[in-house]
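In what follows, a single structure is set out as structure tokens and then discussed.
For clarity, chains are labelled A, B, C, D, E and F in written order, and residue numbers in each chain start from 1.
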Amino acid sequence: MIKKIIYPGTFDPITLGHLDLIKRAIDIFDGLIVAVASNPHKNPLFSFSERISMLKEATKGIDNIEIDSFEGLLIDYVRSKRCNIVLRGIRAISDFEYEFQMVLSNRKLASDIETILMMPSENYSYLSSKIIKEMASLGADLGDFVPSIVEKKLKEKLLKNKR
Amino acid sequence: MIKKIIYPGTFDPITLGHLDLIKRAIDIFDGLIVAVASNPHKNPLFSFSERISMLKEATKGIDNIEIDSFEGLLIDYVRSKRCNIVLRGIRAISDFEYEFQMVLSNRKLASDIETILMMPSENYSYLSSKIIKEMASLGADLGDFVPSIVEKKLKEKLLKNKR
Amino acid sequence: MIKKIIYPGTFDPITLGHLDLIKRAIDIFDGLIVAVASNPHKNPLFSFSERISMLKEATKGIDNIEIDSFEGLLIDYVRSKRCNIVLRGIRAISDFEYEFQMVLSNRKLASDIETILMMPSENYSYLSSKIIKEMASLGADLGDFVPSIVEKKLKEKLLKNKR
Amino acid sequence: MIKKIIYPGTFDPITLGHLDLIKRAIDIFDGLIVAVASNPHKNPLFSFSERISMLKEATKGIDNIEIDSFEGLLIDYVRSKRCNIVLRGIRAISDFEYEFQMVLSNRKLASDIETILMMPSENYSYLSSKIIKEMASLGADLGDFVPSIVEKKLKEKLLKNKR
Amino acid sequence: MIKKIIYPGTFDPITLGHLDLIKRAIDIFDGLIVAVASNPHKNPLFSFSERISMLKEATKGIDNIEIDSFEGLLIDYVRSKRCNIVLRGIRAISDFEYEFQMVLSNRKLASDIETILMMPSENYSYLSSKIIKEMASLGADLGDFVPSIVEKKLKEKLLKNKR
Amino acid sequence: MIKKIIYPGTFDPITLGHLDLIKRAIDIFDGLIVAVASNPHKNPLFSFSERISMLKEATKGIDNIEIDSFEGLLIDYVRSKRCNIVLRGIRAISDFEYEFQMVLSNRKLASDIETILMMPSENYSYLSSKIIKEMASLGADLGDFVPSIVEKKLKEKLLKNKR
């Protein structure tokens, strides 16, 4: 049986920390589906299709990976893919508390779906999409934080917003 | 002397975790006033009167309880009820930090009013009104998380919002 | 019905933080029993009887208080006193985690006994019996941290240990 | 390829929380090796062989599980079993900090070995082997906390210690 | 060489906790620049110039202090002042996590700039500009929380908002 | 006026994290005194003189540094050196809580002495002397964690202990 794991998130935008986690998970599982949540109520900087296309570009050349997207409840999506394992990254205490709430809530809704947590490299432990967007809007050079495609798109997006 | 305790909150909406705490507190104190804060700046999903009426429905049959509401400072309300004890629930570290700030700030404003903290059952330790509203908007079945009156009202509310 | 609350601990030795909490609790409840746990496996600095006698001295003049002691399980002691409420102080995250474990474990053993948590004044939020004993052994002046009887006994005890 | 995961620990003694995690992991991976660390410097209550035999008894009837033991470095043991995935349970913030240190230290020593974290059911989130041993020594009824074999052995052990 | 340190923040508005930290830092360093960040995306209650003028008023009579302001990246501002040390206050775990992220992100952007953290007095450990604004909007007396100039301006501002 | 800062600790043994912090602090202050606390009650692995001599060896070639030692209260030592600033490293939440207690306790004992906190590089954020000693006793290769002199001394010490 092939064991695929689903890595859901907003990915607004993907960072080097996300990419690090993706590579670690692919070493363990037979396949990985990165599932971009539409999350319109979070008011993302990048559109749904921009986030998906940056992920595809940034993960080019990685085997056994699929970039997908979903709307609605995560557990419904996971079942629709005939998977039962969800991956979440954990870097800090505040992550831990939020993931704790989500893991237990999701278990109540779907006891057949399990969540595993993994840690990115300590080199990315401080990265957050939120801080990256703030820094980008102030003109920071983000080459150490995001894939090059994201760096380029962030500049374009913020230029357009300023006009 | 009858010792009443006041349990303030936004209750947007009441969860099974709130209800669990209410029952535990009533076993200890002579009476409990659940005090719904108007909190218009928090932009609640349910109106002030909806939140109050769901609380009344969900606590029907519980003795020694009063459902009330207030605007303005909590300490002014507590004094107006001739009480001096406030109850707050605590589930997680982030709760702890916020309650710590509120307890100490309120003590500076009113040294005669004391706050006590209680923990809900571990079965509800992961519940938050915020996550419940997110899940409801995505169509989740919330029977394990909220009283049945709330489940019904959440469905009506979200249907109306979608139209 | 008179509502008494039980405040258990090792009190090795009692600090101004404990005393602050005792005074706050007595304003809320009809009576308070401070219950010194023997805890021989914790290898306390002061003997069981020394800890009890310092507590009695430090709480002289406070009404509605009883200094008692117990061995064995807290819940058995609480029942033997016909009480059902336990008080615990909470100052910091590490306290919170430990109390969380104890509250939930004790509930499983005795669902009729409830624990409430209260915070000492911010002026004592940093006090711990462990740090106080360390500082005393290095010769610090502890007048801001412990009742005067404890300051005196700490000096005697440490002098004796040095000889 | 068969993917086995190694779940190391002191298991002094195994709790219902450990057992819950074992069952969750077996649903995800093809096989699980529970690896008891000798850890003589931790001064365990139960001997190495007692801990192993209680684990065997408590996991009887579970498929795809192996109870094993090791001395020395975890990473050396993991390699000797031709595995590359380690499982650790995570219940609380203090767990999180310790596991964070261990995951990153182990990665520096062996970059080919990855650790995943899973959460036990909220019903066991408060259990710790340390508190269980304390409670057992005070005579508590531990049927809700440990497998029945452990409850029996704890009573025998503590009786022997008292004599 | 004169060592100046830069203390950046939104200061919306300055509290007695900020003032406490300023005084502690001036005792250690040769000079301090309080740098108000414009932060328009944070939607501050007070305008950029109001925040600067309240800071000037509240720090009148303190030597070796300069009140300044900046837009854009903190590290660019720090370099433009020929400084290399940044001061940040830390009161609570949530502060710690955010500062941790900012310190490490800023180091990646500018390895020559270092951040030091200091703690305000325990008397101000619970103060936050956010809670102060909430309490002010409900009519609380804030004399124990903010400098008198801020108390006056908060009342004016909130009166104007109500009209 | 020359501003020296004192960096106290047990240093049992010095790690690359300590060394990283030392280098960061020397860039900011005019001089740094690393002060080894005797701490006999902590039962250190290395003797007082071994810890001092490893520190001297590991910091050879660094300017403006002095390796010193003290017994008794930190504040008495700081005053005896005519300093008023203490440096402490902070890596994790548990560090934060302990440092918080020490900073506030020391301030009560000596209001003229201030503590500043700095973070090591994220590359060393997970290092602790305790885990390093555990790993060394199990035979781990510690070249990424400690200076080479410490690696050598750890091997010698542990060989001697085994004989």
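Here, contacts are C-beta pairs under 8 Å (C-beta built on N, C-alpha and C of every residue); 3 or more make two chains touch, one makes a residue touch a chain.
Predicted, not measured: the structure shown is a model, and the values here were computed from it.
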Given chain A and chain D, the chains that contact each of them: B, F
Treat touching chains as neighbours: how many steps, at the fewest, connect chain B to chain E? 1
Most widely separated chain from chain F, with each centre as the mean of CA atoms: B
Look at all chain centres (mean of CA atoms) and spot the one farthest from the centre of chain E. D
Taking A-D as the reference interface, which entry in B-E, E-F or A-B shares over half of its contact pairs by residue number? E-F
Go ahead and note the Å separation of the Cα centroids belonging to chain B and chain C. 31
CA centre of chain D versus CA centre of chain E: separation in Å? 47
Chain D: which residues touch two or more other chains? 93-94, 100, 103-104, 122, 125-126
By the document's touch rule, what are all the touching chain pairs in this structure? A-B, A-D, A-E, A-F, B-C, B-D, B-E, C-D, C-E, C-F, D-F, E-F
In the complex, chain A touches chain F at residues 93, 122-123, 125-126
Which positions of chain C touch chain D when the two form their complex? 41, 72-73, 76, 93-94, 97, 100-105, 108-109
Can you check the complex and tell me which residues of chain C touch chain F? 92-94, 125-128, 131, 134-135, 137-141, 144-145
Contacts from chain F onto chain E in the complex sit at residues 3, 24, 27-29, 84-85, 90, 93, 96, 100, 103-104, 107, 114-119, 121-122
